[in-house]
Amino acid sequence: MTLKRLIPTAVLLAALPMGAWANDPPGSLEEVGYIMTTLLFLVGGFLVFWMAAGFAMLEAGLVRSKNVAMQLTKNMALFSIAALMYWLVGFNLMYPGEFNGYIAFNFVPTVLEPVGLDSAAATLDYASVGSDFFFQLMFVAATASIVSGALAERIKLWPFLIFVVVLTGIMYPISGSWQWGGGWLSKLGFSDFAGSTIVHSVGGWAALAGALVLGPRIGKYKDGRTVPMPGSNLALATLGTFILWLGWFGFNGGSQLAMGTVGDITDVSRIFANTNMAAAAGSVVALILTQILYKKPDLTMVLNGALAGLVSITAEPLAPSLAGSILIGAVGGVIVVITVPLLDKLKIDDVVGAIPVHLIAGIWGTIAVAFSGSATIGAQITGILAYGVFTFVISLVLWFVLKAVMGIRVSEEDEINGLDMAELGMEAYPEFSKG
Amino acid sequence: MTLKRLIPTAVLLAALPMGAWANDPPGSLEEVGYIMTTLLFLVGGFLVFWMAAGFAMLEAGLVRSKNVAMQLTKNMALFSIAALMYWLVGFNLMYPGEFNGYIAFNFVPTVLEPVGLDSAAATLDYASVGSDFFFQLMFVAATASIVSGALAERIKLWPFLIFVVVLTGIMYPISGSWQWGGGWLSKLGFSDFAGSTIVHSVGGWAALAGALVLGPRIGKYKDGRTVPMPGSNLALATLGTFILWLGWFGFNGGSQLAMGTVGDITDVSRIFANTNMAAAAGSVVALILTQILYKKPDLTMVLNGALAGLVSITAEPLAPSLAGSILIGAVGGVIVVITVPLLDKLKIDDVVGAIPVHLIAGIWGTIAVAFSGSATIGAQITGILAYGVFTFVISLVLWFVLKAVMGIRVSEEDEINGLDMAELGMEAYPEFSKG
Amino acid sequence: MTLKRLIPTAVLLAALPMGAWANDPPGSLEEVGYIMTTLLFLVGGFLVFWMAAGFAMLEAGLVRSKNVAMQLTKNMALFSIAALMYWLVGFNLMYPGEFNGYIAFNFVPTVLEPVGLDSAAATLDYASVGSDFFFQLMFVAATASIVSGALAERIKLWPFLIFVVVLTGIMYPISGSWQWGGGWLSKLGFSDFAGSTIVHSVGGWAALAGALVLGPRIGKYKDGRTVPMPGSNLALATLGTFILWLGWFGFNGGSQLAMGTVGDITDVSRIFANTNMAAAAGSVVALILTQILYKKPDLTMVLNGALAGLVSITAEPLAPSLAGSILIGAVGGVIVVITVPLLDKLKIDDVVGAIPVHLIAGIWGTIAVAFSGSATIGAQITGILAYGVFTFVISLVLWFVLKAVMGIRVSEEDEINGLDMAELGMEAYPEFSKG
Amino acid sequence: MNVKLIIATIKPFKLDEVRQALTSAGVTGMMVTEIKGFGAQSGHTEIYRGAEYAVNFVPKIKIEVVVPASMAEQIVEIITKNAQTGKIGDGKIFVLDVSQAVRVRTGETNEDAL
Amino acid sequence: MNVKLIIATIKPFKLDEVRQALTSAGVTGMMVTEIKGFGAQSGHTEIYRGAEYAVNFVPKIKIEVVVPASMAEQIVEIITKNAQTGKIGDGKIFVLDVSQAVRVRTGETNEDAL
Amino acid sequence: MNVKLIIATIKPFKLDEVRQALTSAGVTGMMVTEIKGFGAQSGHTEIYRGAEYAVNFVPKIKIEVVVPASMAEQIVEIITKNAQTGKIGDGKIFVLDVSQAVRVRTGETNEDAL
């Protein structure tokens, strides 16, 4: 593209003939529509990519310092693996075109359009495959990030990454195809706009199965009491939450899957505004509730509350009014404040609150779709159960197999000394003395 | 939007009829203009949203570690509250359409266009209400963030949040309407492109009033000397500054309020370039000045300098040349280096330098508009005074009322032990021993 | 732009005549093409700007805590200086229009189009100068950031900044003009799409020269052994890597330099997807290799691996298939794992691994272009040598001159006590005790 | 004099156990410091960016408790019992004589100060 | 021997006052350590993510200063006076005998080392 | 009793040298603490956001090593030799009597505990 770079100043100096390096304009409004929707996927895609950093910071901030480097490693690795697996099989498994509606046997790596695609050969009424692949890819990575948070501080690196390989390459794409791939659930009328269930609950179910098989961290539950293990860096956790909030505009807005008409871009605007309102409501509700229940607000609950609000609105960020979105998000905030301690009562050790935020709020958001009339409650419940059973059962089996074959939990001594020194041989904050 | 997701690979496999899920293209160039301007608001809006994270990190980095978790809580809460209040009353108060030009009695929550807006019903020569609301909303949040920084480390959480409710729901929208709502100042010829005065100075005035009523932190001024209380994490503070710098492109660029023509997008480009130059100049000037004055450069001043450069150019980021922008930003850098210690002489304790950066540089930027000929100096002074008097007086009253009713300052013991343990019962860095 | 802000709610309330503040639509599809490409530069530009924050966080995380504040200062300063110098001379030196192909004697500051540019006066087949300047400017800053990382923890602030002045104002623009300015290398058929050589290797060569003149940190190499000096904050380093990864979509995608046609936006999509794949491959390969070689994975190598993957694909992110991109990135990952210890064997102390990541992977990426057939191996080698010799020699001379004139290295005592207290008189983490 | 300073260095995760045991034994206070310990446990090597290095110091907790001489014997036993894992690196206990103890708040001295 | 080690644990915000008072009393140096204190002041409970926990340790500062035996009495008084708030948690002072003191720079010993 | 506690405060970058010297002299363990030192070296002023302030404390390392009385003399010399730069701030060494030493792992006491 070298020479093109020559133009601007060339122009500036009116020193050169232009023709040579001229860009072509769009040939028609059809092409403009295609360009706009593709752009939506690219911008939406990089925003959702940014969520990978959000999960990494949130989780790094909520684990104890002796496990921070490992949590960062897991997040870098899982995103990279998700990208490779989704290319290798995931994308075509999930969007197979015609298939039986349950499982597509379409194990081929993704191939993009040729360079300099001719507009005649393009899907002018949609967008480029490259942009769509880029956008979709980011969603599967989010699913895997959810799991890493819940199982932090005790799971071994490699078994976890093997689980990620299967989750991102096989499990998520197959169940995703049921709805977004045009499978049986979509025909049944299930509705999940941007993935409260398909992305977030699925991650939550996999995390729940893992937490059950793995068991709680040493000392987390002592003679009936829950022993808090405060996160080592709440500034990072807050940064992570802001990053996720930002990325969510791409997550939900991009899921409009069209930006070429007045109606579509106006819908995207509506989605942005609704998404923001739900998050705001979730955080304020968590702030007030913790103040009332515990006499002091809990920052980590406020962070979880904002995220729960976001997950809640994700199943239907378009149809509700701003007021409706506030309501939906607020319920998400209530959910975390109630279910975080509840999980502890059940001795399910979820380090970052991933299960309340992604699984439970995800279920709520999916049910809430029925209220906005975009789907029947029956279809929604069916979908929730389908994804729950499929993901939870397969995950459970997979975790048990991994446990049997190679063990999924580090030794007691390693856990006590921290995964950073034990599994990585390095610390995240080597110079700062730990308490 | 499910089925649409099916297309791309369907296409890839040429396996499906397309029609069914086809997106429509824009119907006309008018629609393209609307789409572009709406897109400007969406992209500009998420960039300005990002500034909320910037303020949070900047402030978290500049307070002492015993108050970090509380500062983070305040920033999460104030953004969420600003969003809710602006929806509830702010937006319609600020953009009331026809009104007396001073106060609109228009207390209705914001309602967006219907889903799938028909282009016939759209304001084709502007943008969607949803995108405009989303964009405007981010500005009010910025105003509130400015206050939280200046009053850090000693103000009680709830009185502060109540102030935020009034500031974002009532004060900012009313004074904003004078100019951006088409009120008396706009008719008078006052000019403030993106809000040096309307957003930044207003935040600064509210912060100044608060700082006066609240008083300095314990031990900040001892027998005539200023006792530095170094920020606990300059890496976070620098990150926050970079985030704000990035967000500012949306803040100023989006304020072009149009992207549908060659002229408009070229203006947006010009704004991006000018904004970047002003920030660069502010930071370099602060670097050199502190080296000269103090023999050693001061990183925190460099950060403040960049921000002051940004605030300075915000009142008129379009008209000046690149050279002019550098000059305007450079003066901003001088302002912080001079006025930060000056405030200390006056025993006004501004923890993060919000008043020099946002109030004083904001005034400078607003005056500088006159030089670029976009407004008369008289109109600019009138505007500066109008916003100053209105915001400062009401804030002062409000702070006094809050002080009388519930007290705005934590107890001496709580301040000494830190707000984190006292008001939240948790620490931001629980494992790291503090000095 | 005041009044325009009035519209939306005005419309909402159907209370006002519209005409007055109406935005114009694009006049033709030619204009739409111009708007889209300009938008590509603006979005790409702010993404690349974001990389400045990425470098700052990465480097702040990989230096020891006693040097963090200085590293942050250098990064803020170098970006600001790069912006000023590129405006003052760089941009017009690099894009001189017609010139002898080697050096343009075109030392004039950049001037942008007038406000409200008429479409007749615009380069409709390209984009606005403002957007192009904004975009190009970010690249030169990246080059300078590379140098700061390699020379961290021992170089004096001011000599370093003087070097940055020359690098960003003169050296980078001149050598850049050989290719992107339409100079002799472009005529020779050299190909470097987004700057593996022109940006990254150039930064690497300058860093290498500096590292040689400066020498290693005290105690880094003791009786033949390399003494690790672990980074103080791997969470920041990981955040920095994610930021760079995100920014790279703008870096490579924006370098398509056109977004106005189906072919162009589809190419941009392809670039996004390829860039992401190369990064993922680089990080996974580094993860696996360090596990195999050292029995434990090395997070810092994984971070470097992802970045090396990105640098590798930067010379040709468009032509390769997804599979090809994975391969190219994977080799980048191998390169860092092998060459990081290799440099230590040579007693070249590169604090953050900038030379392996940017120089060596950059060379690899440039050579790999030949494989994808976008250029001859001969032309590529010529380009690599031209940039290498030019940048390395001039840098070496410059470093020696600076050393002779003012000294480039802090005193032994200052280095031991840390640059933060010695040169800034402040610490990045004053409250946390260091080990 | 009849007050002793007991300095114990133990494994960090044992702190809570030891603290509780001491409390039930009537110890009303102590000073806890994070330290780095060097000893037989130290010295294994790790690799950072391809370079080997020896981890000479391991994180330890230092407990300092001042008690009446009469209690010293028993306190040492309690710490030994509760800090013990049997694995190398369990730590040490040192007992020193204190010639005077004062409670800042009241000025009380010696045993009354504890 | 005629040199004493005075160990004082005080409330962190009192450090500066105490330091100044000691300096004016002729103390030329000291060692300061951040510690966690356990005592009567400790033990209030907080809630984190819905789970109650007891805050057993409160941040304290430990000052160690070595002085000629002759000064010890006075130093203890000065610390007591300046560290006192009257509220629980003010801290303790312990005095120990030092059998030898050396200044590294010069090798001077005992009182000359201080 | 025949065991001594040697407390040395040194410049942080000297730690490794001292550690190695002590090891080769047969010292099998030590406790290392990061402290802030106040002394003749302290007191230069810096400027933060335009306000001057005195840097009263400089980072130091405190080494605590318990050795048989017979070795004490030699250990003090080794530390002095290896921690010395000749510049102000090199630090101090203090020797105290230990009335009892115990190895937690085994319960061994006194010299056997070291």
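Per-chain residue numbering starts at 1, and chain names A, B, C, D, E and F are given in the order in which the chains are listed.
By definition in this document, contacts are C-beta pairs under 8 Å (C-beta built on N, C-alpha and C of every residue); 3 or more make two chains touch, one makes a residue touch a chain.
Computed from a predicted model, the values in this text were never measured in an experiment.
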Chains in simultaneous contact with chain C and chain D: A, F
Of A-E and A-D, pair with higher C-beta contact tally: A-E
Pair in A-E, A-D or B-E that repeats C-D, with over half of contact pairs matching by residue number: A-E
Computed distance of Cα centres, chain D from chain B, in Å: 51
Between chain F and chain E, distance of the C-alpha-averaged centres to the nearest whole Å: 17
Centroid distance [mean C-alpha coordinates] between chain F and chain C, Å: 46
In chain F, residues with contacts to at least two other chains: 33-34, 36, 46-48, 96-97
Set of chain B residues in contact with two or more other chains: 28-29, 31-32, 34, 39, 43, 111, 124, 127, 129, 133, 230, 233, 239, 294, 296, 298, 300, 425-426, 429, 432-435
Interchain pairs in contact, sorted by label: A-B, A-C, A-D, A-E, B-C, B-E, B-F, C-D, C-F, D-E, D-F, E-F
Chain C to chain B touching residues, read off their complex: 1-13, 15-16, 18, 21-29, 31-32, 34-35, 38-39, 41-43, 45-46, 49-50, 52-53, 56-57, 60-61, 68-69, 72-73, 75-77, 79-81, 83-84, 87, 109-113, 115-119, 122, 124, 127-131, 133-134, 137, 157, 233, 236, 239, 423-433
Touching residues on chain D, where the partner in the complex is chain C: 36, 46-53
Chain F contact footprint on chain B (complex, rising order): 225-228, 230, 293-296, 298, 300-301, 337, 340-341, 344, 353, 435
Footprint of chain E on chain D - complex, ascending: 3, 5, 19, 28-33, 64, 66, 96-105, 107, 113-114
Footprint of chain C on chain F - complex, ascending: 12-13, 34, 46-48, 55, 59
